[in-house]
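In the two complexes that follow, chain A is the common piece, with chain B as its partner first and chain C second.
Then we have the complex of A and B:
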């Protein structure tokens, strides 16, 4: 019954989107104008109905629905029943549609753009919606009826039963899918030849919002990986991480380019290209993940027909967009001279760096496919490739970021350069001394110094601005600089946590104490707890630092009955400067093996991301 | 000159799509992971008869006939889907030896399962600890192996069988 309601909602929402497109072409009189918007709102209403029907089926453990049967279990806690709605391929595609529809309706409230541009954008967005809802209806219907009569489900993948991961997909999708609106806006602007200031102002806000959400989603995902996978790290160059990183990088380039387009009225072609690229990479990523071509921690049930369908979508949407781009591409009469030493050139060079990094990641991600097609051998590209290619590519970008604050927007003059140079030199010497006296590592040194340069240059620039404008409109002048400080902090966090991470293995028995660095760890006791849908082996440890009691750490292993899977829950003691990270291993002769990681400055990564998100939020709302 | 650059993204999109399409059409999906055991000898193992704990045979005793080894379990729902197909295989190719291995399952539930669904197998072995599965590198259920008369694994399929797979892919190996 509930499945029927859900499926009807899906179909009705499809039909109403067709009405939106049809009524656009018969825009003769005012009545059709009403129908246009009414159909748009109706489609959102029925989409919501469909989505909440599926959610209700999950909450009520309605195993007559095949999707619920495959992915849920009656003993699951309510929260994970709800989040189970999007914890699988079909449900997540439904969420995808809901978000597309939401974007379309929220965008229709926009009053800045001229009426015909807005309408054409809505039409394109509806068209994209139709493409993806066809995909859901034909290949990934979440409302299939279960042919087996069962009063119990098969359970959700246990590592997905986690609060951070429960909200990670929606946040990520709001960003990832949001780029569809950016594409629609770009196409509408191109076709109507209306890439004017208003258009830039509007697309800038939406692009910023999508990019922020994507940032938040990726950060949540890596935070989850950090404490749930128990591998001591937070980024693994997993194919799925890569496919979310690619639109993130192009989105970043887009947000930055939009900033100069406003200043310079140049680069419109480039902005449109990036707008198309963002959503193209989103679809390509979806294809790579959902077709099962690449295997990763995010395993979805693979199905070749789905793969071919998304590939066709990718080819149609991207191909169409790029053809429009070729035909209607705006001409710029002014040439850009990259030899000018000003902010514009710095931004353009950084854009190029970002694009190269993105292409490098793309190459690494699809390389196994190319090789297998050509030579019939299976191989995989892992972290070493990305670490040795992407990171060096990003270095010049970071270097430019650190000198950018001393450049001016329009002129070729350098502003108050002496102050900057002094500070950068002092920092360099200090860092060199400190690293030389402790553990010298060329990568560690480079990362630290770049991070510090970016922070120092941004701070100094903020100071200059404050002196000049006396704190008036503080955020208007300094917002970008604050974001850059966040980046600097993040770079330092990334450098330290990846290069100066230490890992030690111990065996320990109850009551015993092991020493690791400044810390000493005592195993207080081990107990087995029976939870609703899993059994937990919980190790309770006492952590001391220099004989001073700090905290109790719980590290555990869980055994999920239904899916018969064991997961590790790392025990983490967060300190501002160092995370103490503990993983419980196996037992041998009453002794337990444990792995202790010291992860320095991991908190800086999350702080940096939060600063970036905060400053992005300010960027959306500031006038 | 400038115009040419505009075509670059389109060409790249085309290239990527072509490679992915070829990949998909070649049927190289992960349900056929490369098996280290393919074209190698079947490892030796002992199996306990599901219906009689005292009856233990080794797969060495079974050499000389083409074998189809199917891993199944009562808790596995795709297994239920492919189950009726084994009766058809049995009917169509009466000379092959059909071996079912009950994987990580409870004995009484497996017996119950075969009683209700019917038993197409010539011999049903028990692997409640998953040890035989480990020997053969079983990824997930159901999984099917074909072993030729010389004891060499010639074919492996992960996931439920379909009529199409049986007519298109099985035929060369079991005739």
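Then we have the complex of A and C:
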């Protein structure tokens, strides 16, 4: 019954989107104006109905629905029943459609744009919706009826039963899918030849919002990987991470290019190109992940027909967009005034850097596929490749970021350059001394110094702004600089946590103490706890620093009854400046093997990201 | 400065940057690409000692030896050939006898590998497509491996 309601909702929503497009073509008649918006709202309504029908089926454990049967179990906690809705391929595609529809309706409330641009954008968005809706209906229908009568489901993959992963997909999708609206806006602007100030103002806000959500989604995902996988790291250059990074980087280039367009009114062609690229890369990413073509830890159940369908979607949408781009792209007669040393040229160079980094990642991700098709040899491109190509490519970008605040927008003059140079030199000498006296590592040194430069230059600029504007609207004038400080903090966090991470293996008995540096760890006791859907073996450890008690760390292994899977829950002691990360291993003769990671400054990564997102959001809502 | 000159410089800069990126990629891809073999393919391949490779297959029954101190030995098989793996570290939760496994490590001799990483899988149903293909070819594929 509930499956029927859900499926009808899906179909009705499809039909109403067709009506949106059709009524646009009869727009001459004033009567159709109402139908246009009415159909739009109806499509959202039925989409919501469909989505909540599936959610309801999950909550009520309705195993007559095949999707629920495959991915849920009645003993699951309520939270994971709700989030289980998007914890699988079909459900997550339904979430994708819901978000697409939501974007369309929220965008229709926009009053900045001229009416006909807004309408054409909505039509394009509806068209994209139809494409993906067709995909869901034909290849990944979440409302299939279970052919066997069953009163228990197969259960959700235990590793996904986690709060961070529960909100990670929606946040990530709000970012990913949001780029569809950017694409629609770009196409509408191109076709109507209306890439004016208003258009830039509007696309800037939406692009910023999508990009920030994508940032948040990726950060949540890597935070989850950090504490759930028990591998001590937070980024593994896994293909799935890479495909999310590609639209992120182009999105980064897009939001920055839109800044220049505000100042210079130029580069529109470039902005449109990036807008198209963002969503194209999002679809490409979806294709790579969902088709099972890439071997990744995230692989969804692979199905060839799905892969082909998404590939066709990708080729159609990208091909169509780029053809329109080539045919209709604006020829501005004004030229870019580079002047060399100003913010505009710094941003253009940074854009080039970003795109090359993106291409490098794309190459590494699809190279194994090409090689396998051509030579039938299988290979993998792992972290060493990315670390030794992407990072050096990004370095000049960070360098420019650290000197950018001292450049001016319009002129070749350098603003109060002496202050900046003094500060940068002082920082460099101090860092060199400190790193030289402790552990010198060329990458560690470079990362630290770049991070510090970025923070210092941004701080100094903020100070100048404050002197100028007397703290009036502090966040509004300085949001970009604050976001850059966040990046600086993040760079330092990344550098320290990846280069100065230490890993120690021990075997330990109950009561025994092991020493690692000035810290000592004691296994207090082990106990077994019964939970609703899993059994937990809990190791309780006491962490001391020079005989001074710091904290208790609980590290555990869980055995999930339904899926008969053991998962490791790393015990983490978060401190402002370091994390103690403890993984419980196997037992032999009453001795437990444990691995302790000491990760310095990991929290800086999350703090940096939060600062970026916060100040970016301020930027969207300013004025 | 004329517009034309600016544009020329911008293009020049991009080209220099692009070519250095390409050089970086070429230089690194030679070092950092890791080939993926089943034990039989490894024996037929032209890999030499000290090469880094990935091996996929099944953990042979009764082959896991816990040497203490987080050191393990086990055998990976594809039902035709075997490879001995030495590993120091924590084994992933889903690591079991007669279960699929992928390791990455350095060849110590023709049949021995010192593994750096034993790959954990998110999901007990998950098996890399390429390994599945190979195992099906060797008729080692059982339905219940999925």
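Rule of thumb we're sticking to: the second predicted complex is superposed on the first by the 619 of 623 C-alpha atoms of A that agree within 3 Å, B and C clash if a C-alpha of one lies under 4 Å from a C-alpha of the other, contacts with A are read in each partner's own complex, and residues count from 1 in each chain.
Here, contacts are C-beta pairs under 8 Å (C-beta built on N, C-alpha and C of every residue); 3 or more make two chains touch, one makes a residue touch a chain.
Quick caveat, the model's predicted, so the values are computed rather than measured.
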Which superposed partner A:99 touches (first chain B, second chain C, both, neither): neither
Dominant contact partner of chain A by residue count, chain C or chain B: C
Partner chain in contact with A:392 - chain B first, chain C second, else both or neither: second
First (chain B), second (chain C), both or neither touched by A:372: both
First, second, both or neither for A:220, with chain B first and chain C second: neither
Which of chain B and chain C A:314 touches, first, second, both or neither: first
Touching partner for A:585 - first (chain B), second (chain C), both, neither: second
Partner chain in contact with A:280 - chain B first, chain C second, else both or neither: first
First, second, both or neither for A:347, with chain B first and chain C second: neither
Overlapping contact positions on chain A, where the chain C interface meets the chain B interface: 292-293, 295, 302, 372, 378, 564
Complex interface listing, chain A residues touching chain C: 157, 159, 229-231, 292-293, 295, 297-299, 301-302, 335-340, 345, 348-349, 352-353, 356, 359-360, 363, 367, 372, 377-382, 384-385, 388-389, 392-393, 396, 505, 507, 557, 563-568, 583, 585-586, 588, 591, 593, 595
List of chain C residues in touch with chain A within their complex: 1, 3, 6, 9-10, 13-14, 17-18, 21, 24-25, 28-29, 31-37, 54, 66, 68-70, 88-91, 93-94, 104, 119-126, 128-130
Chain A residues touching chain B - in the complex, by the definition given at the top: 148, 154, 273, 276-277, 280, 284, 287, 291-293, 295, 302, 304, 307-308, 311, 314-315, 318-319, 322-323, 325-326, 329, 366, 369-370, 372-373, 378, 564
Contacting residues of chain B [partner chain A, same complex]: 3, 6-7, 9-10, 13-14, 16-17, 19-31, 34, 77, 80, 104
